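Submitted below is the structure of interest, expressed as structure tokens.
Chain IDs A, B, C and D follow the sequence of writing; residue 1 opens each chain.
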Amino acid sequence: MAIEASQPAASTLDIRKTAMWAFLASELMFFGGLISTFLLYRARTNGGPGSEELFDIPFTSVSSFVLLMSSLTMVLAHNAWERNDERQLRLWLVATASLGMVFLGGQFFEFSTFVHEGLKLDTSPFGSSFYLLTGFHGAHVAVGVLMLSAMVIISYRVGLTKARGMNVELVALYWHFVDIIWIVIFTVVYLLQV
Amino acid sequence: MATIVETPPVSPAAAEPKGGLWAWVTSVDHKKIGIMYGIAAIVFFVIGGIEALFIRLQLAVPDGTLVSEDAFNQLFTMHGTTMVFLFVMPIAAAFGNYFVPIMIGARDVAFPRLNALSFWLFISGGVFISSSFFLGGLPDGAWVGYSPLSAQPEVIRMDFWVLGLAILGVASLLGAVNFITTIFTMRAPGMTLFRMPVFAWMQLVVAFLLAFSLPLVTVGLFQVLFDRNFGTLFYDAASGGDPILWQHLFWLFGHPEVYILILPAMGIVSEVLPTFSRKPLFGYQFVVFAGAAIGFLGFGVWAHHMFTAGLGPVAETAFGLMTMTIAVPTGIKIFNWVGTMWGGNISFPTPMLFAIGFVAMFTIGGLSGVTHSIVPADTQQHDSYYVVAHFHYVLFGGAVFGIFSGVYYWFGKVFGRQLNERIGKLHFWLMLIGFNLTFAPMHILGLNGMPRRIATYGDGLGWNYWNFVATVGSFVIALSILVFLINAIRSYRKGEPAGADPWDGRTLEWTTSSPPANYNFAEVPIVEAVDDFWYKKYGEDEDHMPVRLDTNPLDPSALDDDGEFHVHLPSPSYFPILLALGIVTVAYGFLWIPVGFAVMALGLGIMLWAIFGWALEDIDHPMGGDDGQGGGHGDDDDPGSEVSEQVPAGIGAGSGGGE
Amino acid sequence: MKAGLTSKLRRRRPVLAGLALLVLVLSACSEDLPQNSLAPASERAQNIQDLFVLTMIIATVVFVLVQGAIIYTAIKFRRKKGEEDRPVKQIHGNTKLEIAWTIAPALILAGLAVPTVQTIFENAEKPANALEITVTGHQWWWEYEYTDLGIVTANEMHIPVGQDVFLTLQADDTDVIHSFWVPRLSGKRDVVPGHINTLTISADETGLFLGQCAEFCGLSHANMRLRVQAHEPADFDAWAAGQLAAANIPAEGDSQAAEGWELFISKGCSACHTVNGTEAVGGGINPGPDLTHFAQRDTFAGALFDRTEENLRSWLANPSEMKAMEPDLNRGMPNLGLSDEEITALVAFIQGLS
Amino acid sequence: MTATTENPETEEVQEEYADHLSPANYWGIALFLAVVTAVEVAITYIPDFDGTVLVVSLLVLGAVKFLTVVAFFMHLKYEPFTMNFMFYFGLLGALALFIAVLLAFEALFDSF
């Protein structure tokens, strides 16, 4: 039958990675909206403190670096998973989750200092948009940490061999996405505003 | 998830085709979910219609006193919200769910449980918003929820609206991701993108529009929600907030939304016209590209909803011109539809009547749309009844006529019995007359200076006559809907059996039995052309005349011999509905903080239970359906098991076959 | 016989439909249309009208062509008795045609674009030596401040014929979005908290021009009407002079008006309503119209009611019953629980504010 | 064919790019990213290096980091066209839309 002729190469698309990328594309729009809201309100401090007074670039640089490195540990975990190296996989997963938690700790510290210095959710449009943006990013990081922890548990319970679906891959994609969003936030929201 | 190892001949869900209530609630079968979407949408359609009748009765005479201003504002807000988010979108999802997988030769969508979650979230959101009726009044900030009006925190009503829309947004987003994945990865062998039925194409475009536009309004919704509840200042002009930002965020979503509503109907019509003209769709690729172009341009014209907001002449010019360009691909579609009928052997059963009605009525809406792109003229038409007339010609004359065309076209395939033709024709003519009687006068009213969303109007403004006519018309429409409901119930009971291929159809769904077996295809079809089924039935001689081939290309499931087909299907799951329940519980709790914290905790508990249950249903794939809420980040992982068995399909290797 | 009749009717169906339509349209007896955007009474409104008519002509042509094509096709190629399987040529498309009907509309639209852009910029220009009025939208009434003349009034705008009037549109920060629309004088323009919009209107003829708020602004959106009275320049100056005169405050005494004036202060009316040159400074968190020359107006409450004795009485008795408002949310006139005597006195007073 | 045929292609694809990059590569990329970040921070402290120059260079450096992570850590470079299309389409779309919005507010160029 002439199917071979009329039938091009079968779809090489992995179903769940395709879904993940579609979802991440949609998330780009979400953070795009939050970031541009911040850019619109960046100078509207309503008498409250503004970015110049508040932002502590050295501190934020460190936490940015932490998140950046968590991407490294994540990709190493993914690499270990592809090599079916369960031990390495767990190691790097734990490392990634820990770095994520360090970042969250840093964000918590930053928020509390800002609040202490007089920038609250209801201080100014600047404050509102800053907290909404960084808050939603933080929420994404937290969700990522949860997923990573889940992966570790699974890994101990049943193992995460290649045959067992592609969860490491999906979590990795999600985690890196959270990282690239922070790359943008760090540049546009922090560095460009001081 | 049933493991792949020992596969029952036919999975539990498959065992009972109809099944009891539980079978429906836990179903992950795209066809069952599609039917549920359809029925729920029709119910909301009736509700929204009743709201519309109240509106028309109030406006039938000047200084109407049937309802109070307060009630009126609730009525038109919910009429818009219901029709857009709870009728047209879900019923398009109903057709998409039921037919896209079959049309592309798949056995289900990529993520069946995620699909069920989308549906139950839609139900939750719809019930959530509507329940405000018993809890302090329906939302009353208009369906566009303009801030700062919607951010005025006195009444709880707009919280229902904001949270409800957020939930519906998540539902649609998950659905969109699901459909993108399904169409990209699960097409049958040989079903290249350019052999897909136009309906599947339009659903793909819609899925992308949803994926890219919903997050934008979600941002705005969160801002309003926080303004109302946590004292943020996004829309508080007193402290430097800017109400116009909401209009941008809303219309960045809201305009693509218009195409989200109309493109599925265009897809349906593009299937119906060829079938009943016994000719292929004229300019298949152009119709597809035009659809994609409409979707793409749809993102560039949002500000034409803001021509009176004071954007300044430069922006107004830019968006005016962008808006004009949309008329071009729209025209292409209309011309191609006429070209499809041209030279055909045209029969006029009800689906065809509605399809032609669509083309005719939508053309009117398109033309009045052009007058909106003429910015100065729009400053007169904006927020007047002229606009109301325009978008009803697009969304009623367009979307709704297209939808009913689909209902009459596919009813037999879905329920095994055809809708009655005589009653159907009565339905069509009543609706066509009632529709024009209602909305054509609104053009005049708007140009005569009647603003929309007014609960009363003074006598002596010259609006009395046409308002009365419109009210009469609206009841003719109501009558036509009644006729339809009677027809549907009657035909479902004792309509004439449809058979596999009642219309001598062109696309894969007609190769299956009516209703299709729950595994859709006993043998995954191998596709060689656009309108593959037609070309398996008919050849073409040298002067392009169709020649009946003596083949029987029906799927074995449609044939009499009921053989055992070893098809593994995803087993039912009650975790999707549980997760939806948890999310909506959290939403209810949110409304009555701090007391609500207890409720929210309960909801979170349910959510966790659902998520872990979901995950552990298939130990291979933990943390299923993670965080459905929030920005709508539900990176779900449905087991690959039921999908990996799908025979992979060709990916867009260019030129459509068949030509 | 009966069958014959029905078949005759069936054949005549289009004719009957046409007749029905004709009757429908004709019986739209020419009521007068004070808010008709198609009856422009100003240069800018005329520009818009011309543009709209041009578009409509083109649209009508396209409409006739497309609908004609649909109907013609449906009739000419309809399936007749017994040709269920009449084979028809399987045409898949025609690239030339596609290109044609892609380019043709594009050209038409390009043609339309030129005058459109011109008009956009023309209507946006700030006119020279215009009368300047600052319009403030409130839930649910309009406030006008003649910046050069120092006049403040509400709902009823008075303008000289033939002179451009440059409106500065604004709303209080705590208010919502409204839209100023007098169809015969110009298109509408939104009134947005935190934004300053502008709009130029003018009237080529004397007379009364009606309008109303066109952006949904909450409970009483429908009752936020306005009117523009165009005078000959001389009459306008007379009106302005009248507005600038001192408020007519009754002298001490036991006249009802005097009693009303005391109530006006004691009942707290003066907290929201201004009466120029008196202790009634108004403003406040829930500002009401300036009443300095209330008796010079024809209407009140968002140009909703005629300024008649009984209207005013029932208004003072229970405002929210006459016009939906939310005084408890500082939107609109509260019910002060006045006795009949008090009402009589207050009405006497405000009716005296000529 | 029967319905329960496994999908061999998918597996192959995974193998295909599994060993595109070694851990060593990843460390290298991470080092590169760290350096870029350091440069970003550093230039904000150079006194007479500001204004448009600073803004542009910061945006460029940020974009470099962004794309590096996407291409290599997320392997998008090695994924089929469809995934690249979806992501970059969304990315460009987001950029275009929000530049337009900020322009409409005349708030784009004073954003930095």
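We take it that contacts are C-beta pairs under 8 Å (C-beta built on N, C-alpha and C of every residue); 3 or more make two chains touch, one makes a residue touch a chain.
Nothing here was measured: the structure is a model prediction, and the numbers come from that model.
Peer 1: Counting one step per pair of touching chains, how few steps separate chain B from chain C?
Peer 2: 1
Peer 1: Which chain, with its centre taken as the mean C-alpha position, is closest to the global C-alpha centre?
Peer 2: Given all protein C-alpha atoms shown, the central chain works out to be B.
Peer 1: In terms of C-beta pairs in contact, which two chains are most connected?
Peer 2: Per chain pair, the contact count peaks at B-C.
Peer 1: How many angstrom lie between the centres of chain A and chain D, each centre taken as the mean Cα position?
Peer 2: About 13 Å separates the centre of chain A from that of chain D.
Peer 1: Measuring centre to centre with CA averages, how many angstrom lie between chain A and chain C?
Peer 2: Result: the chain centres lie 50 Å from each other.
Peer 1: As a quick test, compute the distance in whole Å between the mean CA positions of chain B and chain D.
Peer 2: 34
Peer 1: Please output the residue numbers of chain B that touch at least 2 other chains, ranges allowed.
Peer 2: Counting only residues that touch two or more other chains, chain B contributes 180, 184, 211-212, 216, 236, 240-242, 244-245, 644, 647-648, 651.
Peer 1: Which residues does chain C have that touch at least 2 chains other than itself?
Peer 2: none
Peer 1: Pull out every residue in chain D that's touching 2 or more other chains.
Peer 2: In chain D, 9-10, 80, 82, 86, 90, 93, 97, 101, 105 touch at least two other chains.
Peer 1: When you check every pair of chains, which ones turn out to touch?
Peer 2: A-B, A-D, B-C, B-D
Peer 1: Sort out for me which residues of chain B touch chain A in the complex.
Peer 2: 110-111, 173, 176-178, 180-181, 184-187, 189-190, 192, 211-216, 218-220, 222-223, 226, 230-234, 236, 239-242, 245, 249, 526, 528-529, 615, 619-623, 626-627, 630-640, 643-644, 647-651, 653, 657
Peer 1: Which part of chain C faces chain B closely enough to touch in the complex?
Peer 2: 24, 27-29, 31-38, 47-48, 51-52, 55-56, 59, 62-63, 66-67, 69-70, 73-74, 77-79, 83-94, 97-98, 101-102, 105-106, 109, 112-113, 116-117, 119-121, 123-124, 169, 173-177, 179, 181, 183, 186-190, 192-195, 197-198, 210-223, 225, 324, 326, 329
Peer 1: Which residues of chain A touch chain D once you look at their complex with the stated criterion?
Peer 2: 10-15, 17-18, 21-22, 24-26, 28-29, 32-33, 35-36, 39-40, 42-43, 57-58, 61, 64-65, 68-69, 71-72, 74-76, 79, 82, 162, 166, 172-173, 176-177, 179-180, 183-184, 186-188, 191-194
Peer 1: Give the list of chain B residues in touch with chain D in this complex.
Peer 2: Counting only chain B, the residues touching chain D are 4, 7, 107, 180, 184, 211-212, 216, 242, 244-245, 248, 252, 299, 303, 311, 315, 519, 523-524, 565-568, 644-648, 651.
Peer 1: Which of the residues in chain B end up touching chain C in this complex?
Peer 2: The touching residues are 68-70, 72-73, 142, 146, 148-149, 152, 154, 236-238, 240-244, 277-280, 282-286, 308-310, 312-313, 316-317, 320-321, 324-325, 327-328, 331-332, 334-336, 338-339, 341-348, 356, 359-360, 363-364, 367-368, 370-371, 373-384, 444, 447-458, 460-462, 464-466, 469, 540, 543-547, 658-659.
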